[in-house]
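Going by the order they are written in, the chains are A, B, C and D; count residues from 1 in each one.
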Amino acid sequence: MGEINIDVNYLARVEGRGALHVRIAKDGKVKDLKFRIYEPPRFFESFLIGRRYDELMELTSRICGICPVAHQITALRAVENALGVEPSQQTKDLRKLLAISAHIQSNVLSMYFLSLPDLMGYESIIPMTKDHLHIVKRGLKLKKLGNDITDLIGGRAVHPVTAVVNGFTALPSKNKLQVTRKRLKEAKQDAYDTVDLFSEIEIPDFKRKCEHMAMSDPKEYAINRGRFKSTEGLNVDEMNYRNYISEEQKSYSTALHSHVKNRDSFMVGPLPRVNINFNQLSSDAKDATKRSGVKFPNFNPFISHLARAIELVHNIDESIEIIDRVPLKKERDEITCKSGFGAAITEAPRGSLYHSYELDNNGIVRKADIVPPTAHNALNVERDINEFVKNILDLPLDEITLKCEMLIRAYDPCISCSTH
Amino acid sequence: MNSYNIEKKDMNILLDRFLEDYKVFGPTRPGADSTFDEITSIKQLHLDYTSTVLPPKKFFHPPKETLFSFELKNDKFTTKESIQDKKILILGIHPCDVHAILKLDKFFSTDFSDTYYQNRRKNTVLVAINCVEPSEHSFCSSMGTGPYLDEGYDILLTDIGTKYLVEIGSKTGQKLVEGVNLRKATETDFHEKERRLKLMEKKIKKFMNTTWLPRIARENLDHEVWLDLGEHGGVDGSFPCLSCGSCSLVCPTCYCYDVYDTMDLSLISGTRNRELDSCQLLEYGEVALGDNFRRDRKDRIRHWMLCKFGAAAGGKNSSCVGCGRCIRVCPSKIDLTEVAKVIRGGKQR
Amino acid sequence: MNEYSPNLAVIKKVRKETHDTNTYTLEFSDKKLQKSFSPAPGQFMMLSLFGIGESAISLSGTSNNGSVTTTIRNVGSVTNAVLRLKEGDFIGMRGPYGNGWPLERAEGKNVLIVVGGMGIVPLRGVVNYIKNNRKKFGDLEIIYGARTPDDMLFRYEFEKWKQIKNTRLDLTVDELPIETTSKCKIGLVTSCFPSMKTHHKNAIVLVCGPEIMMRYAAKCLETIGFKDQQIYLSLERRMKCGIGKCGHCQIGLKYVCKDGPVFNYADIKPFIHPL
Amino acid sequence: MNEKPKIAIFKFTGCAGCQLEFLHLEEIFLDILELFDISYWVMVKRDNDETGWDISLVEGGISTPEEIEEIKQIRMKTKFLVAFGDCAIGGCIPSIRNWTPQLDAESQVYRDTSVIQSTKVFGIGEYVKVDAILKGCPAHRDTIVELLKSALLEIRPRLRQHPVCVECKFRDNACLITSKKMACMGPVTSAGCGAICPSLGRECEGCFGPMSNPNTSALASIFKDLGFNEKDIKRKFRKYAGMSPEFRKEAGH
């Protein structure tokens, strides 16, 4: 066997600009491996300094067009933690619905548009319209459902506007929520079909035991709040995040790489969520999992797709529950600024997202610290590929390359986020 | 014509009668930022409002409307009119707004008749209400458009304490109240109406001297006030104009519109539409090859004010009725009654 | 009847005038409509291309069988799309609108026509009208300026125009390409005024062209003795309806579409941009 | 046009939100595929045709030397180049950092700044000729469709440049400035969104960038009159379009 060089100069079907370079020596040892993120940084942590606390949701939203909602809610909660504000149950519920809608949209995008073409042997979803129109249409329909709910609660699908510190500037109308409820009910079958699709489709048989981490809450399937837990026993309050997680700059990447202090890389995302919070899934989601025949906890990163599909079922169920209980009362209390530090972690569609801010007396940001899911995952992606590539060295180079890309896409990396 | 009275608490009876034959629209909030929306129960109705954001113009000359749709086939086309013939009743229009509608009626029927406006107008019943609480910005008494109304209504209400005086102004109005158990109005009711409207007139704080105003305006095309409004400090506590167009969009007599086509991506079918436009906007005065006849802000606000003073091509049909909406809505606090004073030479900045 | 609704018209003939201008012969498909259609020189039509929009377009001529010609220059969306049409294609058309030139008032007088560029379009009908009713008018003088000789419209008719009795045609261009056979003068239309034959006594002036050119022309005419009341201008404004409703063409107390497009200079002088 | 027009979608320094807004055309997405040949779109496709395009939609600002080279390449291979969204027009939110010395910004984020290649961020128009712009953060999907339709018809798209106030009034909203004393950027911000924020009880923050000929100094004095201080006002203008010639003065140059 000769030397193998895997070079993906730009990663397709992911958000943002990344590359992969792997050098494998004659003896099959990985000599060099770079998950190179060359997305130009935008220096959010720099220019947020000097901005006011009530602008943060709007500004950090622009870190990412796929998961603006996650940044908004994380920023809002970090600010609320700094100001000592506890929003009402209604606000929490509507925020959860908003976050779930973003998960539906983003996870469907990842499953159907970004990864499915690999698994079905197409270059993209575009040629799939010829042979698998019904699948494409289902993807479009589900994605639209997610977008439309974000639009309804947030006022706009991409970079929504209504969520503010301690509440919402406007509430959705009861009628429209009821129409949405009906659409959610109808989408349930599509979600089951998605689970079927991804449990039947062939994925590489690969396992790598690593630390999985996600927000977790005994009462609900955690997205917007909880404690930061891992499969290796970590159980952290969001305010103390920095005592446990640190990040490191790599010369070849504009994204910083995270690891658990004094330990190794870790994985965040749908698979860790399902692994850690399986018990909080809706009963229909659990049933669908049972039918799929896949067991959790599971440490095959390619099972992330199925985890997304299972979450989709759960997300639909929980959305309906929220719609059924939210009272839609007009409420919004004034807040007073004061100085302080606040941190928050939420689950963005592709994993845990951390924001923290130091505010001065006038509510002006003095320090900002943002760690997006893809920065959390970056090192773990490298660890995975390092292991995975050894198993597939007998394949032609094209296929090795494609398989490596597929592994990265299973993480659904959001590269703009990672550099921010 | 006949007159009646009705206890305020019984207004739902009258409303239910209206609802039998019409979709009913009325003010749905108290205060000056009310809006005319659909009313299905008396609880939604706020007849004590002072003004609305958009005037009832929106029912006849909507901000956006489709004129017709078209389809291209074999290089020929077919068009399909979208004519509105829904029957509606507008409840609670103030006298100034009724006068504005009368102006638009005239404008949209002279020379060429505007089918779209006429159709909507024909299918509308106006139930007006005399103002008993003026908004701080209105000056209808100066413009002869209020606070009393003596024409243009099908039914006219006046708040006379615990009751409304109900005056009938047309056959349609008469037919609408038949079958409703209303008492005949008494002399005291009319006295009370008189008394209250006198009182109301005293409460109006804004005035505009309209004598020779169109002429004075035309003779002052070069007055420095226009540059003040357009670029410099504004007039009497106001800021320079933002050219935001709000004043004309909320004006009940501004009718200017833009026409544009839409087309679906298949390039087969589409619509021709119109949308309210404003002479305050830069694009309004553009002509081919990039020229613009009112490029300067001062020319735009001058044209608008001239129009409101009755000195532009709309003449009396587009001139002001004193509702005060433009003053309330202007972020720059520009007040045309103050401008009128300045061009009369009464006041300098 | 709905005035906004365009009628189907068919393109009978296309004639190329310059690189960006064509003349179209148009007829309504509806025979009855076609019969009753009798526009006057200076009036205009609203031409529609569905999905693109509507534009005000002057009539450049009428024929005995009732068909009309329009001459259109590509400056934007509608005009660009019209230029792509061929004989036999359909187009939407409504009108005629506007007042037209004051031909009755011109009777018995010498007529001076001053045009720049596209301005010749609405005045071609006047020239033809005078030709057909030669006795009713005094001398005819046409001063026509264009950017280059190749931009001149209706060149194929100049000889015919010159043969009209007591008619003078004076051509001028802004620039003369090096390789040209043209013997045009170089200069703005106003540069032709010194050699102008028409005297301000008992004359009427019809002016059309870019507004800046009309303002200059009118001002020069004033200095050589013409009265404001003798001068007529045809104005151009953006028109959305053509029937005095959309407001866009307002100029002072007038609507260009309804009260114009032809105006007496005296009436609109304060409202067109000062020089 | 006989052949389907070839479309390319590129991303530079930005958030992919405009591309996502394009994908949010779910209802007509299949029609778009019928009518256009989307030949380059890294976020969606693995096989990308780099030979040249009829229309290129470019998202994101330019902030590295490589990006400058790339955008020039794209310009050469593109017939009709569209600055797709505020970032491509003038840098958008990331341009807030242009007021911080670049090295300070870098050292606030990275320990080792020697490997960071960034410059200040500008719109693509700084480096290449742009044929059309789609305003907004993100651009509104209706404007995307309008642009595509106009491309098929070969006409100029109808993208109005008047202020948000117009759309706000169309929706029968009371003015937030006069009625609620809020510092709304609507009067200087280009329409296109349909007045989303004021219709939902929130002041416009200006995400569609400057309207045609805005009177920014007048609005700044109005804000001052409402009780906002100079820093507040500067922050308002130094947000989505601080680099634009229209907002630059109030953004604090």
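Just so it is clear, a residue touches a chain if its C-beta (ideal position, glycine included) is under 8 Å from a C-beta of that chain, and two chains touch if they have at least 3 such contacts.
Note that the structure is a prediction, hence the values are computed from the model and not measured.
**Q** With contacts defined as at the top, give the pair, A-D or C-D, that has more of them.
**A** Ranking A-D and C-D by C-beta contacts puts A-D first.
**Q** Distance from the CA centroid of chain A to that of chain B, rounded to the nearest Å?
**A** It comes to 51 Å between the two C-alpha centres.
**Q** Take the average of all CA coordinates in chain A, do the same for chain D, and state the distance between these two points in whole angstrom.
**A** Between these chains, centre-to-centre, one finds 25 Å.
**Q** Could you please state the distance in Å, as a whole number, between where the Cα atoms of chain A are centred and where those of chain C are centred?
**A** Centres of chain A and chain C (C-alpha means) sit 65 Å apart.
**Q** Measuring from the mean C-alpha position of chain C to the mean C-alpha position of chain D, what distance in angstrom results?
**A** Centre separation, chain C to chain D: 43 Å.
**Q** Among the residues of chain A, which are close enough to touch at least two other chains?
**A** As it turns out, chain A has no residue touching two or more other chains.
**Q** Residues touching two or more other chains, restricted to chain D: which are they?
**A** Only 153 qualify.
**Q** What parts of chain C, by residue number, touch at least two of the other chains?
**A** 51-52, 76, in rising order.
**Q** Which pairs of chains touch each other?
**A** Those chain pairs which touch are A-D, B-C, B-D, C-D.
**Q** What residues of chain D sit close enough to touch chain C in their complex?
**A** Touch list, chain D to chain C: 153-156.
**Q** Quick check: in the complex, which residue numbers of chain C touch chain D?
**A** Going by the criterion above, the answer is residues 51-52, 76-77, 80-81.
**Q** Okay, in this complex, where on chain C does chain B touch?
**A** Spelled out, the residues of chain C in touch with chain B are 1-6, 8, 50-54, 75-76, 79, 89-90, 92, 211, 236-238, 240-241, 243-248, 250-255, 258-259, 270, 273.
**Q** Provide the residue numbers of chain A that touch chain D in the complex, in ascending order.
**A** 10-17, 39-47, 49, 51-52, 55, 58-59, 62-66, 68, 109, 113-114, 117, 123-126, 129, 136-137, 140-141, 143-144, 147, 155-159, 161-162, 164, 169-170, 249, 251-252, 254, 256, 405, 416
**Q** Write out the stretch or stretches of chain B touching chain D in their complex.
**A** 33, 35, 53-54, 58, 63-64, 234, 239-246, 249-250, 260, 263-267, 275-276, 278, 281-283, 297, 328-332
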